[in-house]
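Per-chain numbering from 1; labels A, B and C assigned in written order.
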Amino acid sequence: MESFMHLMTAFESILTNPISLIFVTIGVTAGIILGSLPGLTATMGCALLIPFTFSLPPIQGLVMLMGIFSGGIYGGSISGILIRTPGTPAAAATLLDGHPLSQKGEAGKAIGIATIASFVGGTVGALIMSFLSPQIAKFGLRFGPPEFFALAIFGLSMIVSISGKSILKGFISAIFGLLIATIGFDPLSGVPRFHFGNPNLLGGVEFIPALIGLFGFAQVFRNVEKMEIIPHVKSKVGKILPGRKETLKLLPTMVKSGAMGTFIGSVPGLGCDVAAFVAYGEAKRTSKTPEEFGKGSLVGIAAPEAANNGGTGGAMIPMLTLGIPGDAVTAVLLGALTIHGLQPGPLLFRDHIDIVFPIFAGMILCQLALLVIGLSGAKLFAKLINIDRKILTPVIFLLCIMGSYAMRFSFFDVGLALIVGIIAYFMEYGGFTVSPILLALILGPMAEQNMRRSLMLSHGDPLIFVTRPIAAVFLVLTVFITITSYRKMKQLNAKEKALMAEADADESLSE
Amino acid sequence: MNSKRIDISVGAALSVFSTAVFLYANQYKGKGVSEYGPNVFPQAMAILLFITSILLMVNAVRGNSQTDLEGIHLTGLIRSGITVGISIIYLILMQFLGFFLSTVIFLYVMMTYLGQKGQLKRIISTLAVSVVIYAIFNNFLKIPMPEGLFQRLF
Amino acid sequence: MKKIAAILIVLALFGGMISAEGQQDKGSSFPNKDITLIVPWSAGGGTDTIARALVKNAPEHIGVNVNVVNKTGGQGVVGMGAAMAARPDGYTVGMITFGLSTYNLMGLSDMTYRDFELLQLLNQSAAVLYVNADSQWDSLKDLVEYAKANPGQVSLGHTGAGGDKHLSAASLATELGIEFNYVPFDGAAPARSAVLGGHVDVAVAGIAEIKQLYEAGEVKVLSVNNVVEEAGFPDIPTVVEAGYDISAPVLDWRGLALPKGVDPEVVAILEEGFKKMFDDPEFRAFCDEVGLNLVYKNSAGYEEFLSNMEKVLEPTLESVGLLK
C-alpha cells in the first residue's frame, strides 16, 4: 500500500511537469526508429543519448532512456513482421508468426496486435517492477551457477517448439549454434578457442552481425531469388485495431506472457530475447490450435511480444535494487544513473525513494506512449511494404550491411554476416530452421560457463545440479516441457498431413 | 521436393565436420587455469552433432525424409549469387570512394539489376535513401564511415 | 537527357555542400575538427563511462569535441589494435587498458604498450577482497588462516581468467602461500551477485564496483591488495596493514595513447588538452563519486609503470598456468 502511495505521488510529480511527457515521447519514438533498423539497438540508442541527458534533471533523462529501451524492443518487431528481419534479437520470436500474417496482406493487423501486446506486457512488467522489485531481487540472488545452468537448459528446450517440421533438424541447428558460440576467448580458462589467429574472432562471433545474417541477409537473398516468381502482396492497411473480442481473447495470453517475461528478464544474463522465445514455446505448447503457429497465429504474435516488453521491466529490477545489470541496455542505464550521481543498489531504495518511484512511474508512462505512438504509426509502417520490392530490397540490403558494420565499425563483421546469411539461405532449403541457432547463440555461453563453474564449485561432483532445489526444479520442468512439446509436435505433424488438402480451413480460423 | 538426398549429404558432411571439431578441440585439453578445461563443452557438442547427423542419415535411408520442401530455382540462385557479388564489390569500392559515393552507385546498380523501371524513380530513390542513411549514421549516430580517397572532395 | 542533366546538377550541389563542410578541415592549427577517442570496451561499461565523463567538457579544454567510439571485441584487442593502426594525425586517440599488459604474455596478440605513443595514465586501481556480510571472516587474517588450514577449499570468484582481478588474487595467494579454488565469472556483476547469494566464499573486485554494497553494509571488504591505501577508503586495510608482506601488487590501469608517428607538436597539444580534461573539477567529482582512484603520469612515468607491471605479471601468469 505504501508503494502504491509512493507511485501515485510520483505520477503526480511527473504529470504536473509536462516537459517529462515530451521526453517520454522523444525517447519512445527514437527507440522505435532505432529498434526497427536492423543492427541499431536500444543499447546503442541509450549510449548515444546519455550525453544529452547530462544537462537534464535525472528523472527526465532517465525517463527518456527508458523510453528508448521500451520503444527499441517494440520497434524491432516492426521490421521483423514486415521484412522478416528482426531489428533486435528480442523480436526474432515475433517474426515467426508476424511475418506470415503480413504476407497474407495483414501487416497492419500484425503490427496492431504486436503494439497492444507490447503495451500489455510492458505494463505488467512495469507494475511488477513497481511493487515487487526488492522481493524478486532477493529471490534472484538464490540463483548460483547450477541454477543458471538449469535455466539455460530450460531455455534451450524451447528448440522443440521452434524447430519447424523436423525436430531432429532443429536440434542439429541448435547444436551447430552451440558450437559456434564456443568460438573466441574463454573467460573461464583464459584460452582462446577456434579463432585461427584472427583477433576479430577472439571475442567470439558477434551477436548482432549473426542475427542480421541469419534473418536479414538470408531474406534479401530469398527476395532476390523469388522476385520474378512470387506476386507482390499488397498489404491491406485498413484494419489496424483488432476487434474487441479478439483482443479480449488474447488478453490472458498477453498478461501471462508479460509476467513470464518479467521474471525471465529479471534474471541477470537472461534478457528480453529469451523471454520472447520461452513465451512463444509456452503459448504453442498450451495452445488448442498449435497448427496455426508459424502461419500467422495471433497468439503467436501476442505471446512473445508481450514477453519481450515485460522483460524490459524485469531487466530493470536487479539493476535498480542490486546494481547488477540484467542485460546490455540496463548496463547502459546503470551508467546513466551513475553519471547523475545516483548509484543503483540497496542504498538507492533507502535514500532515494524520490527517484525510485518516478522511475517506476516513468516506465508505466513509456508503455502508454508506446501504445499511442505505435498505433498511430502502425498505418505508416504497414504502408512501407507496399513500396516497390525492387526498390525496397536494395534498401534492406544496404541497411543490413550498415547494421552489421555499425555494431563495432568493422568490415569483418559485414563479411561474417554475409557468410552467415548464405549459410542460413541454404539451410532453409534443407528444411533446417534458423531460430534454434539464434537461441543457441544466446544461451550457449550461459549453459557452458555455468556448467563448468558449477563443477568447479563442487570440485567435480555432478550431483550439484540435482541436490540444489531450484536447479532441480528447472531441470525437471525442462524434461516435462520437452516431452509434452515433442508429443504435441508429433501430433501436429500427423494432423498437418491430413490438413494439407483443406488448407483454406486456416483462413477461417485465423480471422 | 523430397529431402532424402539433402539429408544424406548434409548428414555426411556434418559427421565429418563434427569429427574434425572433436579432434581440433583436443588441443585445448588440460589448458588454462581450470580443471574443467575449454575442450569439454565443444567436444561434448561435437559428439552430439555426430550422433544427430548419423540419425539424420539413418532417417533418410529409411525413407522418413520430409517430402514438402521447395526446390531450388537455378536462375534465382544465380541472381542471388550475383547480388552477393555486387555487395562485395560495393564494400571494396567503399574503401576507395568513401561511403556516400559508393552507396549511391550500389543502390542504383542494385535497383537496375533487379529490374526497377523508370530512370528518374531509380535516381530519386537512390539519392533520397543515400542522403537519409548518411545523415542518420554519420551525422546523428556519429558512426565513423570510410572516407575514401576523395575525403577532401566528397 | 534533361533528366540526367538535372540529376548531375543535384549531385554537384550535394557534393558542393559536403565539400564546403570539408573546407573547414583545412585550417592551420591542430585541432580543427572533432577528435575520436576509441574505447575498446562496450558502451555503458566502466571504461566507457569514464571515457565519456573525461571528454564531456572537451570543447572548453581543447577547443573541439571528442567523440567516444566503442570498438569492442577480443578482450579489447580489436579496439586497441584499431587505435594502434589509426592514421597518426592526432585525430584518433585510443583508450588502453590493463589487458594490453597481458596480451603478449598470454599469447592473445603480439601487441604491447611499446606499439603506442603513450599520452597519459588515468587511473590505477587495486583489487579488493570482499565477502558477504554474513561471512565467518572479518579480516584478511581470518581468511588466510582458514585457507591455510583447508587448502583449495575456499572458493574465490573473480571476473575472468587472466584479468587484473584474477591475477591480483593469484599474486597475493602466491605471496601468502595459500591456495584458492578459483571460480571465474564473466565480468564484475555476476561475481558480485554470487557473493551476495553466497555461492562463492570470497570474491575479488575493484573498489568502484562494490562501493555501493560496501556502504550499504551488504558486503565486508577484507583488504586492498596494494601497498598503499585506496584513496577515499582509509578504513580498508592494505595487505601490509593486515600484517603481511607483499612486494609488488598487480594493479588495474587505464590510460590514453596515440598511434606511433604523430607529430610531436600535435602530441604536446593533446597532452595539454587531456591533462586539462583530467583536472576538470566535474570529472574529479565524478571519479570521487564512483570511487575511481585517479593517478596521473605523463608519458615517461607511464612507460616506467607499464614496464614494471610486465615484470610483475610474468611470474603471476606463470603461477596460474596462463603464460604462453
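Criterion: contacts are C-beta pairs under 8 Å (C-beta built on N, C-alpha and C of every residue); 3 or more make two chains touch, one makes a residue touch a chain.
A quick note: this is a predicted structure, and the numbers were derived from the prediction, not measured.
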Partner chains that chain A and chain B have in common: C
Pair of chains joined by more contacts [C-beta pairs], B-C or A-C: A-C
Centroid spacing, where centroids are CA-atom means, of chain A and chain B in whole angstrom: 22
Intercentroid distance (Cα basis), chain C paired with chain A, Å: 31
Where chain B and chain C are represented by their mean Cα positions, the distance between them in whole Å: 35
Multi-partner residues of chain B (at least 2 other chains): 32-34, 142, 144
Numbers and ranges of chain A residues touching at least 2 other chains: 44, 186, 188-191, 409, 456
Chain C residues counted as touching two or more neighbouring chains: 69, 161, 166, 182, 184, 320, 322
Sites on chain C touched by chain A in the complex: 42-45, 48-49, 52-53, 56, 69-75, 77-79, 81-82, 106, 108-109, 155, 160-162, 166, 181-186, 189-190, 192-194, 196-200, 211-213, 215-216, 218, 286, 289-290, 320, 322
Contacting residues of chain B [partner chain C, same complex]: 32-34, 100, 119-120, 123, 127, 131, 142, 144, 151-154
Chain A contact footprint on chain B (complex, rising order): 3, 6-7, 10, 14, 21, 24-25, 28, 31-38, 40-42, 45-46, 48-49, 52-53, 55-56, 59, 66, 68-70, 72-73, 76-77, 79-80, 83-84, 87-88, 90-91, 103, 106-107, 110-111, 114-116, 121-122, 125, 129, 133, 136-137, 141-144
Contact footprint of chain B on chain A as seen in their complex: 37, 40, 44, 48, 165-166, 168-169, 171-172, 175-176, 178-179, 182, 186, 188-191, 193-194, 220-222, 224-229, 388-391, 393-395, 397-399, 401-402, 405-406, 409, 411, 414-415, 418, 422, 425, 429-432, 448, 451-452, 455-456, 460
Chain B-touching residues of chain C, taken from the complex the two chains share: 3-4, 7, 10-11, 14-15, 18-19, 22, 25-26, 36, 67, 69, 161, 166, 182, 184, 320-322
